[in-house]
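Multiple structures are listed underneath, in structure tokens.
Each of the next two complexes has chain A plus one other chain: chain B in the first, chain C in the second.
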Partner chain A sequence: MNARRLVPILVAVTIARSAAAQDSLAIKGADRETMMQIAQVVATTTERGLPIDPVIGDAQFAALMRAPGPRIVTAARDAAARLEQARDALAPTPTPGDIVAGADALKYVSRETLRRIRQARPDRPVAVHIGLLIQLVSTKVSVERAEKTVLELIKRNAKNEILADLGNAVNQDIKRGRAPDDALSQSLNALLGPNAAGTAAADLTNTATPPKKKP
Partner chain B sequence: MNDPQIDPVVDRAVRELRTLPPVDHDAVSRIVAAAAAARVSAADEDEPLQPRRSRVWARTLALAAAAAFAGFVLRGAFTRQQEPATQATAAAPTPVAVTPVVGGDPESMPVPTAFTFENATASRVSLVGDFNKWNPGATHLVRQPGTGVWSVIVSVPPGRHVYAFMIDDTVFTLDPRAPKTRDPALGVDASVVMVGKP
Partner chain C sequence: MRGPGFVATIFASLLPSLAAAQLQLSADLGSAALRQTGFGGSGVVTFGADVHYAGARASIASSALGVLANDGQGTGQAIVTGALYAPMTGGPRWQIAGSASTFAASNDLPITSAQLTVREFIGDQSRGVFFGAAAGTLGRNRERWPSFVGQGGGWLRVNDDQFLVALSATSTQLLEHADVAQIGDVQVADPASYVDANVGWQRDRAALTFAVTGGARAGIRGVAQLDGWGSATATAWLVPRIALVATAGRALADVVRGVPQTRYASLSVRVALERHASLIDRTSGAASGPRLTLTSSGGVGAPRRIEVRVAADSLVEIMADFTQWMPARLSRVGNVWILERAIDSGPHRIAVRIDGGEWRAPVNLPSADNGFGGNVGLITVP
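Presenting the complex of A and B:
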């Protein structure tokens, strides 16, 4: 097939794709110029093989908060940048869920923290572990202690439901007025049981420095 | 044509049509001369490539139009498929597919998660969160008859999720039963939940 015959097909495919993409890019509350810039960010994100939902989601969230157009675009660009950084930090085989969680985590922690979590659990999904990390850090537990807790739970092969329960319990305790560190210690003792609590709680309530990165 | 089964009237008509009128050669000459005189520019000359290019671009435009039409039709079909699903959920709270971003690992499989909200005066409540791209039109809660309790079950990927409710499509409201978290970028609060149990 020569180039002259390819041109109409490429034009047709491009138009069809852009028309179909309009729906998923409908950001409620964003003007046309903002939409076009977000569409460019989404296109670039797609080309790089990254999930686009967080890009659209962050833009839509900013629009819901009635942020001005440039702020909405910035939200989309920042999300795209974090996705790329998260994929790199969680290499070599992050799931889409890992990347999305990692991108969210980069609002709170460094890429080094994500790398250490990946090293501790190299061949399994880490989205829930990263979710717990964010949950703890966002409730004012120190990054060091939150990371140590997550790494210890990975070491103990804690299941997703334990991690989720821990994150929810800590947050609920804080909502009831307990201090973040106390809430974490209390929840660890409650979830890991009396036998484990002696070691786990003792280990995890110490705010020791995080493990050093392997050379 | 002399078939006895053919109507005589039809047979006569056919014979009349087969009889060609005499050709007026002078008239033919005049028409040819007039056509030659009317050719006033080079653009009227026969040019082999021109019609082919026109055909190519005509095909391009036709394909583009068809593709655009197909895109909009597909978009419409997609939207229409989603809306009834959400409304069906509104009729009976069942898990809603919310385009989960997950891998093929069992640990990454979406988890049906219930969201409940109480508001006796709202006429419409929707769920917005990172799992549905904060789209206010994606997930509507169902009001339990005779109460102010609204609920929906949504399949979300395991992990931490932030969300809120939209009352009557305009009021962004946190879940009073859930802890809240502040988005560091926008400085806005949202409710938060961790999902991990299948």
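Presenting the complex of A and C:
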């Protein structure tokens, strides 16, 4: 048995061991040939120093959706390719979380967008910022507006909690009938602008609240 | 730097935030039963307008109200407020606000006031406290008196409900005036000081908003030893830009702005520039289905608590990239289904299954095509 044939088997064994350890890595529904091809993708991904969880996860999900073997393999290969592209775009020092987030984002945005995010925040993690970007674009906010918003929030050094809330708030507003870009403006203003709840509390100290509300 | 140049520099620095600002404009027309000190109108027509322009660092708000009785008598009042805020950094934010207001009744001289308020807000949209102080002036007929207010309070938001509390202490002059035969207008100002304690609750549920506020005033000097006020308001957005507003209540005199004590009950139609969720909007309101929230029980690396709120008989499961797309059962705690798990910061994909049904995206999260004819929810973990 030569080394080229040995690698996939070793990787498969690794996955199996990892699965046993984490009780969740077995790819149900994948036949032996599919499994071997996925193992090769995983081996290559490992050799390149990239995280393998998204590769296995996407293959797992495709299998769960009862996709045929070739499609499961394609899902794994696409994930691996995106991981590599994301690492390049987020160079020079992306964290594993950045790479995973960036790979997910490449389903929606270009590598140039990721590069600009990295340039705006060169030496700190950007996974949460990319998460917001994905949420915004998936709710039909324009890519340009979503990127501009993320870059602005980086500039303001916004807390991760605010970033995590913003995407959900925009989604809620859109479900209430607001246009996506308007919903983003509204939610952004609510988060970055005057604190509406705090202002309402402070207004209580004015026994003459705005006169429209009180004749 | 000379004064005008300094002012121009400040405004230039605010332009970027104002460019991204939100404009809200609305007008009300209605009918009210009104009993106001010094004004005998009972069945009156009311008309009001409200403009609010808010950016990240500045806001400008103005509102006005006119009241017209059958006998032609009326009152009018208006207030303009401008505020500057510290940059949003997630920490405390100061606010400097200036306001000017006027109140006038038929056949009477107007009362004008101006205030400068400095506040510190500590907290976020969900909860927080504030404290501050204001100094101002109150005037009528070429005489002016000072006013001073110390204030503090807090807010708490729980889902659609918002709870507010505020305490303020005021020291100023209480103005009284009368038209005396053969002498003309006579006005007297006596020292007045008091403490107001106020509470408020508001429920904002898509097309419907309910608000109840109330409070008590303890007089220290020049005003009643103990008095109270309260109001209730319901707003229903019939269509995206038109609402019906019903309100009733009792307001104590706003001594620092010269607005007299009032009892009122009114019904009005509000027309707004900005769209709102409305009763006829089929997409308005909370969509039915599982709602998923995530909280952290500690610092970096601490388990995250996943909560799903849904009507389920026996079983709620999630599957996500962080479960390697393997189903994970949640435990029932009261009306909420819970799972604690370590999850890395960043974007994640998640689906929920209720009582063994279809996997679906939580309704409160953005969703994405899963590539196989279904949807998954997208969540960003901070």
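Here is the rule we use: the second predicted complex is superposed on the first by the 167 of 215 C-alpha atoms of A that agree within 3 Å, B and C clash if a C-alpha of one lies under 4 Å from a C-alpha of the other, contacts with A are read in each partner's own complex, and residues count from 1 in each chain.
Rule of thumb we're sticking to: contacts are C-beta pairs under 8 Å (C-beta built on N, C-alpha and C of every residue); 3 or more make two chains touch, one makes a residue touch a chain.
All values reported here derive from a predicted model rather than from experimental measurement.
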Ask   = Between chain B (first) and chain C (second), which, if any, makes contact with A:M36: first, second, both or neither?
value = neither
Key: First (chain B), second (chain C), both or neither touched by A:V100   = both
Ask   = After lining up the shared chain so the two structures overlap, which partner does A:Q186 touch, if you call chain B first and chain C second: first, second, both or neither?
value = second
Request  = Report for A:N157: first if it touches chain B alone, second if chain C alone, otherwise both or neither.
outcome  = second
Message = For A:A67 in the superposed arrangement: first (chain B), second (chain C), both or neither?
response = both
Request  = May I ask you to decide whether A:V128 touches chain B, chain C, both, or neither, giving the answer as first, second, both or neither?
outcome  = both
Message = So in the superposed three-chain picture, is A:P51 touching just chain B, just chain C, both, or none of them (first/second/both/neither)?
response = first
Query = Regarding the shared-chain residue A:R178, is it in contact with chain B (first), chain C (second), both, or neither?
reply = second
Inquiry  = Does any part of chain A touch chain B in one structure and chain C in the other, and if so which residues?
reply    = 22-23, 53-54, 56-57, 60-62, 64-65, 67, 75, 97-98, 100-101, 104, 125, 127-128, 130-132, 134-135, 138-139, 159-165, 167-168, 171-172, 175
Residue ranges of chain A touching chain B (in the complex, touch as defined) = 4, 7-9, 11-13, 15-20, 22-23, 28, 51, 53-54, 56-58, 60-62, 64-65, 67, 75, 78, 95-98, 100-101, 104, 107-108, 124-125, 127-128, 130-132, 134-135, 138-139, 159-165, 167-168, 171-172, 174-175
Inquiry  = Could you list, by residue number, the parts of chain A that touch chain C in their complex?
reply    = 22-25, 53-54, 56-57, 60-62, 64-65, 67, 75, 97-98, 100-101, 104-105, 125, 127-128, 130-132, 134-135, 138-139, 156-165, 167-168, 170-172, 175-178, 182, 185-186, 188-198, 200-202, 204-208, 210-215
Inquiry  = Per the contact definition, I'd like the list of chain C residues that touch chain A in the complex.
reply    = 20-22, 26, 28, 32, 34, 36, 44, 46, 48-50, 54-56, 59, 61, 63-65, 67, 77-79, 83, 85, 87-90, 93, 95, 101, 119, 121, 123-126, 128, 130, 132, 149, 151, 153-155, 157, 162, 164-168, 196, 198-200, 202, 206, 213, 215, 217, 229, 231, 233, 240, 247, 249, 251-255, 257, 259, 262, 264, 266, 275, 277-278, 281, 283-285, 287, 294, 319, 321, 323-326, 344-349, 363-368, 370-372, 374, 378-382
Task = In the complex, go through chain B and note every residue touching chain A.
result = 56, 59-60, 63-64, 66-68, 70-72, 74-75, 78-79, 99, 101-103, 105, 107-108, 128, 130, 133-137, 157-160, 172, 179-186, 188, 192-198
